[in-house]
Amino acid sequence: MTLRGFTVLFDPANLRFLWWGFEVTLQIAVWTIALSLAGGLVLGVARFAGENARGNPALRIVGILAGFYIELFRNLPMLLIMLAARFWSHLHPVPAAIAGMSLYTAAVMAEIVRAGLNGVGRSQWEASAAQGFTYLQTLRYVILPQGLRKVIPPLVGQFITVVKDTSYAWGLGVQEITGSGTIIFAKYLNPMETFTLIGLVYFVTNFSMALAARGLERRLARRTY
Amino acid sequence: MTLDAWSQLFADWRIFALGLGHTLFVAALALVFSTILGFVFGLLGVAPSGFLRALNRVYVEGIRNTPLLLQAFFLYYGLPRVHIVLPVLAVGVVSLSIYTGAFIAEVVRAGIQSVARGQLEAAYAQGFGFAAAMWHVVLPQAFRVILPPYTNQCVNLIKNTQILSLIAGADLVYQADTWSSETLLYGVAYVTVGALYLIITLPLATMARWLERRTGAALDIGRVA
Amino acid sequence: MLKRFGFFGMAAFAALAVFIGGVARAGANVIPDIKSRGTLNVGVKADVLAFGYKNPQTNQFEGYEIDIAHEIAKRLLGDPNKINFTIVTAKTRQAMLDSGELDVITATFTITDARKKVVDFSPPYYTSGIALLVLRDSGIKGLKDLNGKTIGFIKGADTAQRLADRAKDLGVTFDAAAFESYPEILAALEAGRVQAFSTDGSILRFYEMQDPKTVILPDRYSNEDYGAATKKGSDDLRDFVAGVITDMQKSGALKKLQQKWGIYRENQAH
């Protein structure tokens, strides 16, 4: 590691090149978080409902199907899913990266959501039933809000993981920030400096998210029931 | 996915067998080292000394907030600049161990802290030192809480061997990627490699869920990878 | 409840459809679409000096293949600048052609029998050869010195197999390591992870220039015919492009362009 190795990175053309890469990183991350959160909610609720609904065959089947999807996708390496989205189907590079990452992350989010739902005490169900809520109403108004609040830390942890996982898009030929780094370091022969700088970018982004989540958790915790 | 495509794939079965071998080899070694690292740093996280706890924070936050791929690139391309050229599989083992170790450290720390504080203080009252209290009183109880999320981290570790594919590391994903881009037979390659991964990861994941249910772990920390 | 089920059914089917991929439309006429669109979408390299290179000073594409692409656009749409360049790599070019993102590819794409099954090629417009880039002080003079060593290639190219065939004749075996991009192979060579970097000599020139510690060995190990690729089934475009290349060959325009870019003598077709 040399000083020159670092200063050359701050040449405006290089900074601009890395910044474009970072923009791609953020683009993929934001889309993936949005899509996988939505998908994960649906899948997680579906699997939860299916497991807990006695005597409702349609719900059980829905739950089992959701279960198949979840176990299939979350136990495969994400890069494999992304490669399939890129080369087996005919999506363009960035949409393929988003699609692949979302298909995988939705399965992971689903399990986080399900854990949250499972963590809500039985008494909530009983109290709601006593008030005359139907199963779905209970889910929607009583269980989900509490369950989701419990799992904010692992959910944000997964957002952080998504930001990091965008680096795999390099295997699809997408020039996000890590891939951009390989092009830069090969030119200036400064791999350690380049990757340290890029690592800092990731760290600042992710650590900020983690701190924000802890702040959010604290603020929500004040509103106790 | 024609019959001809499948026959081509099976003719090249050795390539995929080699990929599987490398994946398992790297995963096995990384599992051992990351567990050791994780327990050591996890214990540091609950140490009486503020300095030791700080060590835990720096390691955990620094490693968990940057991508595994970036860390692997740093070792693979960066170390040779200071004349340390690790063989590619060693780069895989080292980077995977350091990365997964950070996650296991968090699992261990949280597990220990979930065991009532009173246990540690009661042990001190009996004359145990920190290390002895940990070994004889706290850890045996924490073990049950740690095991399910630890198993999840093991599954993540196996999937994370995918980084090898981007540093010419001849793991399973690498073989799927290179073989399919040379033969243009994407479908059969991805399905086969996917099936191989599922054969390894599904049993482990199922075991993790069974353990969760058995220990009644209230809240899975979530498969934050 | 059935509504939920239906939704899941559709979602599952959609996911399946994404993975099964699109069905190729055979025998279509694509030229009218290109004409109504008004631009030709061409895939090119950005890191191969003299063939397809993005000049960092001007941020423009320049090179032999760029000029050929301009000529195709001029003859098809009347204006050489009605063109949209997209950077491709060996790994991605096939997929981008199949998906319709690109109409034609002029990106150091070697014509092989295996590829002809899935893509249409024009007659060759250049012939390069597989070469080896090594560190000057490694003492490696040829393929024979690489017995038991590791050679770096790019993912998606069949260079490794073709070189391995030639190596077998010499009784030489080597390990092949495939990387995502050329700069990474150069970095691996510098790091000592591979003892040679192998791809077409035309591509290696840039990397030899970038790192004075490296040198391209004089031998060439196969003939790589470059052709302009079009998607299988777009027959009218295929014939049109073939016509342009053949005409440029006959009129000496190709030779003039090769001389312009200083690659005439390296052309293995002589």
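As written, the chains take the letters A, B and C, and residue 1 is the first residue of each chain.
Note that in this section a residue touches a chain if its C-beta (ideal position, glycine included) is under 8 Å from a C-beta of that chain, and two chains touch if they have at least 3 such contacts.
Not measured: the values here are computed from a predicted model.
Chain contacts in this assembly form a complete graph, since each chain touches every other chain. Set against one another, A-C and A-B show the most C-beta pairs in contact at A-B.
Using the average of C-alpha coordinates as each chain's centre, C ends up farthest from subunit A.
Remark: subunit A and subunit C have CA centroids separated by 35 Å (rounded to whole angstrom).
Inter-chain centre distance (subunit A to subunit B, centres taken as mean C-alpha positions): 18 Å.
In subunit A, the positions touching at least two other chains are 84, 87-88, 170-171, 182, 185, 189, 191. The set of subunit B residues touching two or more other chains comprises 77, 81, 166, 177, 181, 187.
Chain contacts: subunit C has residues 21, 91, 180, 184, 187, 190 touching two or more partner chains.
By the touch criterion stated above, subunit B contacts subunit A in their complex at residues 61-62, 64-71, 73-74, 77-78, 81-82, 155, 159-162, 165-166, 173, 176-177, 180-181, 186-187, 190, 193-194, 197-198, 201-202, 205, 218-225. Residue ranges on subunit A touching subunit C, taken from their complex, read 13, 46, 56, 58-59, 61-62, 65-66, 69, 84-93, 99, 103, 170-173, 179, 182-183, 185-187, 189, 191. Listed in rising order, the residues of subunit B touching subunit C in the complex are 76-77, 80-81, 85, 88, 166-168, 170, 174, 177-178, 181-184, 187.
Within the complex formed with subunit B, the residues of subunit C that make contact are 21, 90-91, 94, 114-115, 118, 152, 155-156, 158, 161, 177-180, 184, 187-188, 190-193.
Subunit A meets subunit B in the complex at residues 71-72, 74-80, 83-84, 87-88, 108, 111-112, 115-116, 119, 150-151, 154-155, 157-158, 160-161, 164-165, 167-168, 170-171, 178, 181-182, 185, 189-192, 195-196, 198-199, 202-203, 206-207, 210.
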